[in-house]
Structure formats: structure tokens, C-alpha cells
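Structures given as C-alpha cells follow.
The following pair of complexes shares a single chain, chain A, combined with chain B in the former and chain C in the latter.
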Partner chain A sequence: MNILICIKQVPDMESKFKINGEGTWYDRADLAWRMNEYDEYAVEQAVRLKEQVKDADLTVLCIGPDQVTETMKKALAMGCDRGVHIADADSAKREPVEIAAMIAGFAKEKNFDMIFTGMQSQDRGSAQVGVMVAELLGIPAVTTIVDFVYDNGAIQVKRELEGGSKAVVTATTPVLLTCQLGLNTPRYPTLPNIMKAKKKELLTMAPDTGGTGSRQEIASCSFPEKKGGGLVLEGDVAELADKLIQLLKEKTTVLA
Partner chain B sequence: MKTILVAEFREGKLRAEYSQLIAFAQQQQAEAVMFLVGNPSELPKFNGPLYLADAGRFGEYNPAVHKQLLLDVIAKEQPAQIVFLHSSYGWDLAPRIAVALKAAQVSEVVAVDNGLPVVPACNAKLRRIIKPTTPQSVLTIQAGAFGLDDEPSGTPNVIAVETETVGTVQCTGYEAAKIEGVDLTKAEVIVSAGRGVGKPENVAMVQALAKALGGEYGASRPVVDAGWVDHNRQVGTTGSTVTPKLYVACGISGAIQHLAGMKKSDFIVAINTDKDAPIGEVANVLVVADLKQFLPVLTEKLNAR
Partner chain C sequence: MQFELTEEQNLIRDMVRSFAETEVAPSATERDETEHFDRALMFDRLAELGLTGIVFPEEYGGAGADYISYAIAVEELSRVCGSTGVTLSAHLSLCANPIYMFGTEAQKQKFLVPLAKGEKIGAFGLTEPSAGSDAGGTRTTATRDGNDWILNGSKIFITNAGEAEIYVVLARSDKGAEKHRGISAFIVEKGTPGFSFGKKEKKMGIRSSPTMELVFENCRIPVDNLLGQEGQGFKVAMKTLDGGRIGIAAQALGIAQGAFDAALAYTKEREQFNKPIASFQGVSFQLADMATQIEAARLLIYNAAYRASAGLSYSQESAMAKLFASETAMRVTTQAVQLHGGYGYTREFPVERMMRDAKITEIYEGTSEVQRVVIGAGLTK
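Entry: the complex of A and B
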């Protein structure tokens, strides 16, 4: 079975963000980078599928500047067989359909049986790229999966719905699945596997959207206005605790 | 501006959130028509044309078929905007429509600024204003961002639609959320653990504080996904929606899906090492501290009262 997993490198969301010079996105300097959380579930599911069916080949693909290869190494250490890095220093300026077009351009004619993506990226959070890849390739897609079972060519997934109920959906290959948090428990790469990953193939390709151009512009990027007039308490923990207890007495009835 | 609003129907019911689509259209003073794969016995309250396909025949989740039904309506109406909810139905269908129309798609719109959609990024720490450059655009609106002052009213003018397209995946049924055990919606005080607790053993600190305050403990999603706390204690869009007198968020950043489940609490306290965490937007009090140090001290002082 031939499987593709798409991952994105994103900044740690606890970072202190600054706006870039053009005022369109965050400044990339001084950020800590990691694998998009949702994509960790995608990688894990693919690796588990390989462990189940044995005969499978896992390609992990990432579009971005050279530094993304660090994140790709994690996916290789988790168990992907090869990496494809589409080297695009300007990937942050691309909109979802351009990213999707690059992925579809790569996947076309490679006959992937299954493609796993995250349901959304943590920084952009558009939840578009996965479904768009499937549409451009003309294959079915099921989004937001929290459960996955493969049995002899038949696929059964559960889609998570609002309120926590789930829809049971069946599909056959080829199919693209977008992975939601909690789908599985992503493994931590072991040291021997980190060493092995260093020897795995990591192909670099030039970005090519196959003529898909821009459909939107970023008018501006800013910090939201602080609306919440909430009180911010800082200082010594004992004093903080006293202050908070005082506030709870004044503003709520729970300590009565 | 001609706008198609895409309403939703699930588990045999019309989803009430369609009123948010109407609110969006009203705010834009858009000329709205509605599209729904649903049931003629339960129509949205809406004054205008409603293109209605039968969910009994075309399924409640059947992307390829719903896509074709909607594309046919789009071809007829030539709207400038197609508007979905940013929901499990909306984010699944919208990109399919955007690709087919070669139209710009803007996800999770929270406001409109001078006619341009505003969207959050990086866990709502940033916001961007997007300018679609295609004649048509596809939008998904964030749950709760647009609301009507009154209940929706009106009677739609129903236009039945159908297609010969067949589906490529099959929805075979639903599985209800497990709700046995604790019912957080009834608790007056809830203290919730977020990923900031760091490790499963530290959940005990949150439980101890909940006990000292005479309440229940809850959790954000990563803590539940990791198996540290049961799902029936998850607060948020895919957990419970709670409105206690006091909600204490410990090591929770304040993602929109969490906020949706707790922001209507009477009084909100957040304990977080990050002064800029978005939870600060809804918190009455933000205590900037390491919860591992702060919680035991607070609990001890409360117990000593």
C-alpha cells in the first residue's frame, strides 16, 4: 500500500508573536518550531497502518523553507519511510489552494492508496488544504476523523461532530482522510529510530503549483484588540492566593 | 450582494445554527437565498427562496452528492458569496465548492471589516483581514460570531432540487457522545485542567482545588485525549457547555473551541504562565503564575479558612 502523509511545521502557539515587516503575518524570527499537532496524529495513523498490513510505503511530504526538514526528521523517526521536501521559502505567503495544488501536483500519477493530512494547521487553521488536495486529485475525502479501522481494503472511520457525537463513515481506497486530535496517541520517536531516520531518503523538490494562482490577498495582520477588561494579577504566589480569595469573596457567592 | 447560505441537517433534525447564517447576511445587507439538504417537514424560519434537497434520498453526510446539488444551485443563482458555518459539515463541504468554482475560500470568519472578512490565526493571538480577489468567494463563519437579536422568523419559498450524482463514501450511522457519570452542566463550580498541568499526576492539584471550592473538576481536550481525565469532563464544542458560578481554568490557553464551552460562566479565573494567553479575553481574573506552585498554596489557604 502506497501512503502519503502531509505535515506542516508551525510555531509553538505559546510563543510571543510579532507582526512581520509587511504587516501580513507573524515574524519568523525567534520562534520555536514543531510539527503541527494535528499532523502528528496523521503520521501515527499511517505508521500504525503499516504495522498492521506490513506491506506499505510511507512518504511524508512537507512544504516550507529548509528548516522544515527538522520536523520531517521527526516523522521519519516515527516510522515514515521517505521524505519529500518541497523547498518553498515563501510557503507562508501561499494560500491553501496553492499549497494543495503543490501537493496534488506531486501526488498525481503516483497512485497513493491513502493520503493522511491534519484537519487543520495550528497557525493558519483554515482546514482547507486536505480536502482541496482530494478534490484536485478527484478522490474522496473524509474530514475530522477520530477513529480509523482498516480491514482488507475496507475502511471505516468515525467523524467527530459538534457536541461529541460521531458519524460512522465507510470508504474504499483511494481516499484522503483529515485527522482530528485524539485519533490515536502519537508515539515519541526512540533514540535508535532517530538514528535510523538520519539515513532515510529525503528528496528535495522545487515548488510548482501547476498554474494555480492566488485567489486572495492579505489586507492586514494585527493583534486583536484586548476587549476583556479582566484583572491581571502577578507576583508572589502566596500574595496572589490571598488576593484571589478576597476577590472570590467580593465577586462571587461560592465562598459564602 | 447575492449570497447563498448553507444550512445543516443532522440526525433527523434541522440544526438551529442556521440563524447565524441569517445574522451574517443581515449584517452584510446581502440578498440571501438558502440551501439545505434536509426534510420538508422541518423548514428553517426564513423569508426567501430555500433550495431543498431530501436528506432521506441524498443523505445527511454525502459530500460528493451535496457538492453537486449545491453547485447546481450556484450555477442558477450566480451568488457572489457562498456562506457555510465553520462546522464539521461546513469545513468539509466548503473547500470542495471553492475548488470547483476556482473561488477564494476564507475560513472561520469572525467579523467583517469594511466589507472584508476577518479571521483569527495562531489560537486567536492574531487576526487577519483577507481580500478575496475572485468574483465569487466561499466563507465559513465561526460558531457564535454572528447572532440574531430575535428568534428567526418567516416562511421560505421552497424550491426542490435533486441530482443523479452518486456518493463516494457512505455514512452508515451515528454514535452518541458518552454522558454517563458526572454531569458538569449542573456544577456550580468547575476547576478545569489544561495541557499546562504537564503530567497526569498534576491533575490531582486541580481535583484538590475543585474539592476545596466544593465543585467538580473538568478538563480541556488534550488532557482528555491523553486519557488523564474522562471524556464526560471535557468542556468545549465537542464536550460539555457549562455555565457555573465560578470557572477556574488551570493551564488552558483559551482556544475558541474551549471558550465556546465555558465563556458564559458567571465568573472566570484563569491561571496561566502566559500573560497573553487568549483565555485572558474572557477571564475576570488572570493569575499569571505556574499552576504547580500556585494551586497547592491556594488550595491550602482555602482549606484553612
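Entry: the complex of A and C
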């Protein structure tokens, strides 16, 4: 079985973010980086599938500057067999369809039976890349999976729907699956596997969107405005009640 | 000169930090309170993650990583639990490492492989009631009898004792020889007749790490268990402690970092006079000093670790790292308690435990005074 796992390197969400000089994205300087959380579920599910079927080859693909190879090594240490790094220093500026076109361009003649991706990235959060890759490859996509069962060619997954309900979906290969929180608990890459990861094949490729150009751009990026702190009223009870009613009338629609 | 960690070292830090925060930290306070050594968590899980043999070659069951990776692992474990940090350090530096350095191929296969794989825990017996900093004062005896050595005497303050299956023990094998030349190192397995455990110490800190007395009463071990040459025991002990200092320095660093992280978070949240206390210059100056000392300790340790992996001499450097890191741990944890005010003195906050844990790092595997002796002797010889 030939499996592709698409991952993205994102800033650690506990980092201190600053807006960049152009005001269009976050500043990359001084951030700690890690694997996108949803992509960890994707890697874990693929590795579990390999452990189940034994005969599987796992390719992990990542697009971004050279520093993303560290995150790729984590995926290799978790159990992926080989890595493909599409070296693109400007990947953060690309829109989802360009990223999808690069992945599809790599995958189109490789006959992957299954493609696992995260359901979205933690930094951009468009949730578009996975489904667009499937569309470009002409294969079905099943999104936001929280449970995965593979049995002799038949795939059965649970999808998370709005309001907490779940849908059971069956599929056959080839298929693309986007992974959601709750699907599994990603393993720690063990120390020996971290050491072995550096010996695994890691192919570097130039970015190629196959002519797909940019059709949208981020005009500006900003932090939400700081909301004012709470207001403490002081005085005797009758006075407080009057003040409160006045405030509710003036500042809110509660008593309008 | 290269100051950045490698990709592998970064991945190891991330992995151990994640494991430590998720699995080790939640029970640290309770294990301290109940003096409970949770082997499944504090050792078996480390083995599953490949941490018990970090620096040894794969053919001996290790991971083939370097000493910086080892220091990072001990640091990250100690950041949340000093007891778990020292469990690994004593096992790896004080037991597995001398067997790796001085053992025969047969000894490595028999003892190092299960230690590195984490199937067995290791411990090291050097200290005696009359031989602490003065290791040459060893009174435990080893008497040759045919194909055996017979051990008699006792060892005190032994980390991992009782839990460990394999012990490297120093004993006087030649009463007639000059003080340092009459000592030999031996490998003793738990369960050997004549080998028992004395009282378990009730300690100020690292309370979930077991510390016990080893008792040898006509304990007969095969000659094959002599580690290194006969009479070479003092050298085995000193070389072992060179490596051990990196482990304890890393433990001290981790404890200091944990206390600093707690103090920084607390002082940013705690408001007095209508603002966070971290915004007062008097507090921020303290935080600045703490962070600077921690960073300096880290660089000293990584330098010693780098030298150990590169095959360079590192006795001086590891003594400097251990001295500075342990004294930093004591200062930083004391300051962290102070910055927490009354809350810091209670067991509701981890800095109280960290301050108690820090103290031992100035004492074991060579007191601060002994580190200064080692450094001073190196400078003036």
C-alpha cells in the first residue's frame, strides 16, 4: 500500500506572535516551530495503518523553507519511511490552491492508495488544501475524520459533524482523508527512532504549481482589539443599582 | 563554533519535554509527598522511549546519541521532577557508563545491554560512612578466594538502591597497597547471596528517588565480575564521576529552569499595588539574574557534554558545569520561593519541592567543595 501524508510546520501556538513589517502575516523571527497538530493525527494514523497491514510505504511531504526538515524528521521518527521536501521559502505567501497544486503535481503519477492530511493548519486555518488535492487528483475526500478502520481494502471512518453528531462513511482506495482532533493520540518519537530518522531518504524538490497562480492575497493581518477590563462599581446598594441600570441602558441592548 | 542544537537534539528535547509535562509532572507532587518510586513511570517508560541507553552504541542496546542529547533528556525530566532526572542519571552515568568504559565484551553483553535497553536498573556504590569525598578511604573489602571475590562492608546513600538489579561497587582488594591503588570495581547483581539492603533514607528532597544502604556479608561474586583491572577501582570511580557530573549538572539545570518558569509565570500574574509584580523593577532584576545564571549553566553543561562526545578531556569542564549549575539551582529555586511569597512556602506550589530537590545537587557526586578541589588541582598541576 502506497500512502502519502501531507504535513505543515507551524509556529508553536504558545509563541509570542508579532505582525510582520508588511502587516500581512506574522513575523517568523524568534518563533518556536512544530508539526501542525492535525497533521500529527494524520502521521499517527498512517503509521498505525502500516503496523496493521505491514506492507505499506509511507511518504511524508512538506512544503516550506529549509527549516521544515526538522518537523519532517519528527514524522520520519514516528514511522514514515521517506520524506519529500518541496523547498519553498515563500510558501507562507501562497494561497491554498497553489499549495494543493504542488502536492497534486507531486502525487499525480505516484498512485497513492491513501493520502492523509490534517483537517486544517493551525496558523492559516483555511481547511482547503486537503480537499483541493483530492479534487485535482480526481479522488474522493473524506474530511474531519475522528475514527478510522481499515479492513481488507474497505475503509470505514467516522466524521465529526456540527453539534457533536457523527457520520459513518465508507470508502475504497484511492481516497484522501483529513484528520481531526480525537482521531488518535500521536506517539512520542522514541530516541532510537529520532536517531534513525536522519538516515532515511529525504528528497528535496523545487516548487512547481503547474501554472496555478495566485488569485487571492492577504490584505492585512492584525490582532483583535483589546477588550476593556471589567468595571467595578462602588457605593451603597441603591446607588449601585441605579448606576448599573444606567450602564445597561447606555452600553448594552439588554434594557433597550 | 556552533551554538545551535542539531535537528535531532531539538526533536529529543521536544519529545522528552512533552513526555515529562504530560506523564511525569502530574504525579510529581504526590510522589514527593509519599516518597513513592513509580518504576513503571520513572524508568520503564523512559526505556520505552529509548532514554535508558541514550549515549551507548546500538550494538549494546543504546540509541547512539551524544552527551548533549543525554544532558537535554535529564534536564527536561528534572524540569518537572528532580527524582526522575536523577533516576536516569544514576542509572546511565554511574552504572551503565563504567561498564561501557571498562567492561570486557562479555560484561558488556551480559550487563550493559539490559541496562541500556532499560530491562534492568543500574546503581553505583562508592560512598561509605568513612569514605565520602575521600573515596580512597573505602573500607568495604574484597578478598580473593579461588574463582570468587568475597565482599564485606557497607555502602550508604546509594541512589536507585533496592530497585536496581545491577550495581557497580568499589571495594578494597589489596589492604597492603597504597590508599588509592588497593581499590577495585566489581559488578554485583541484586539477589546475590550475602548482598542485602539496609535502611531507606528519609531525605529533604528528591524524595521519590530511593536512597538506601547496601550491605555485603560474605557476598561471593565470580572473578568475571571484576570491572577493569584489579587495583584500578579508583580510576574507574573518578572516570565514572566525570561523566556523572554532566548528569547531575543537567539535573540541577532542569530544576532551576522549572523553578524559573514557575516564578516567571507567577510574577506576571500576581498583582500587588494594582499591577503584576513582574513589572516592578526589583522583581524583574531578580528574574533577569535568574535567567542569566541558568543560561550560563546551560552553556557550561553543553560544552562539557560536547567535549565528552568528541573524545576530548572534560574532567575540568564537567566539574565547572556541575559546580555552577548546582549552585545556580540552589540560588534560583530559593529566589523562586521568595518571589512566590507565602504561597511559595506551601506545598501547593512546586517551587517548594524544587528548592528541596536543588540542595542535593550541591552535595552528591562530589560536593561543591570537591568540584573546586578538582578544578583547582587542574589549574595548578
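Throughout what follows, the second predicted complex is superposed on the first by the 227 of 256 C-alpha atoms of A that agree within 3 Å, B and C clash if a C-alpha of one lies under 4 Å from a C-alpha of the other, contacts with A are read in each partner's own complex, and residues count from 1 in each chain.
Throughout what follows, a contact is a pair of C-beta atoms (placed from the backbone, for glycine too) under 8 Å apart; a residue touches a chain by one contact, two chains touch by 3 or more.
From a predicted model like this one, the values you see are computed outputs, not experimental measurements.
Once the two complexes are overlaid on the shared chain, A:G21 sits clear of chain B and of chain C alike. Using the contact criterion defined above for the overlaid structures, shared-chain residue A:V131 touches chain B, although it does not reach chain C. Counting residues of chain A touched by each partner, chain B versus chain C, the larger count belongs to B.
Of the two partner chains, neither chain B nor chain C is touched by A:G211. Looking at the shared chain after the overlay, A:R34 reaches chain C, while chain B stays out of its contact range. Contact with chain C, but none with chain B, is seen for A:K73 once the two complexes are overlaid on the shared chain. Using the contact criterion defined above for the overlaid structures, shared-chain residue A:G153 touches neither chain B nor chain C, since it reaches no partner. In the superposed model, A:M195 makes contact with chain C only, not with chain B.
Touching chain B in their complex are the following residues of chain A: 11, 13-14, 16-17, 19, 24-26, 95-97, 100, 119-120, 122-128, 131-132, 135-136, 140-144, 158-171, 175, 181-182, 185, 214-224, 226-228, 230-234, 237-238, 240-242, 244-245, 247-248, 251-255. Against chain A, in their complex, chain B makes its touches with residues 10-11, 60-61, 63-64, 86-88, 91-92, 94-96, 98-100, 102-108, 116, 120-134, 137, 143, 168-177, 188-189, 213-215, 221-222, 224-227, 231, 234, 237-239, 245-246, 253, 266-269, 274-277, 280-289, 293-294, 297-298, 301-302, 305. The touching residues of chain C, when paired with chain A in their complex, are 7-8, 10-12, 14-15, 18-19, 48-51, 54, 58, 63-65, 69, 73. By the touch criterion stated above, chain A contacts chain C in their complex at residues 34, 69-70, 73-74, 77, 188-195, 197-198.
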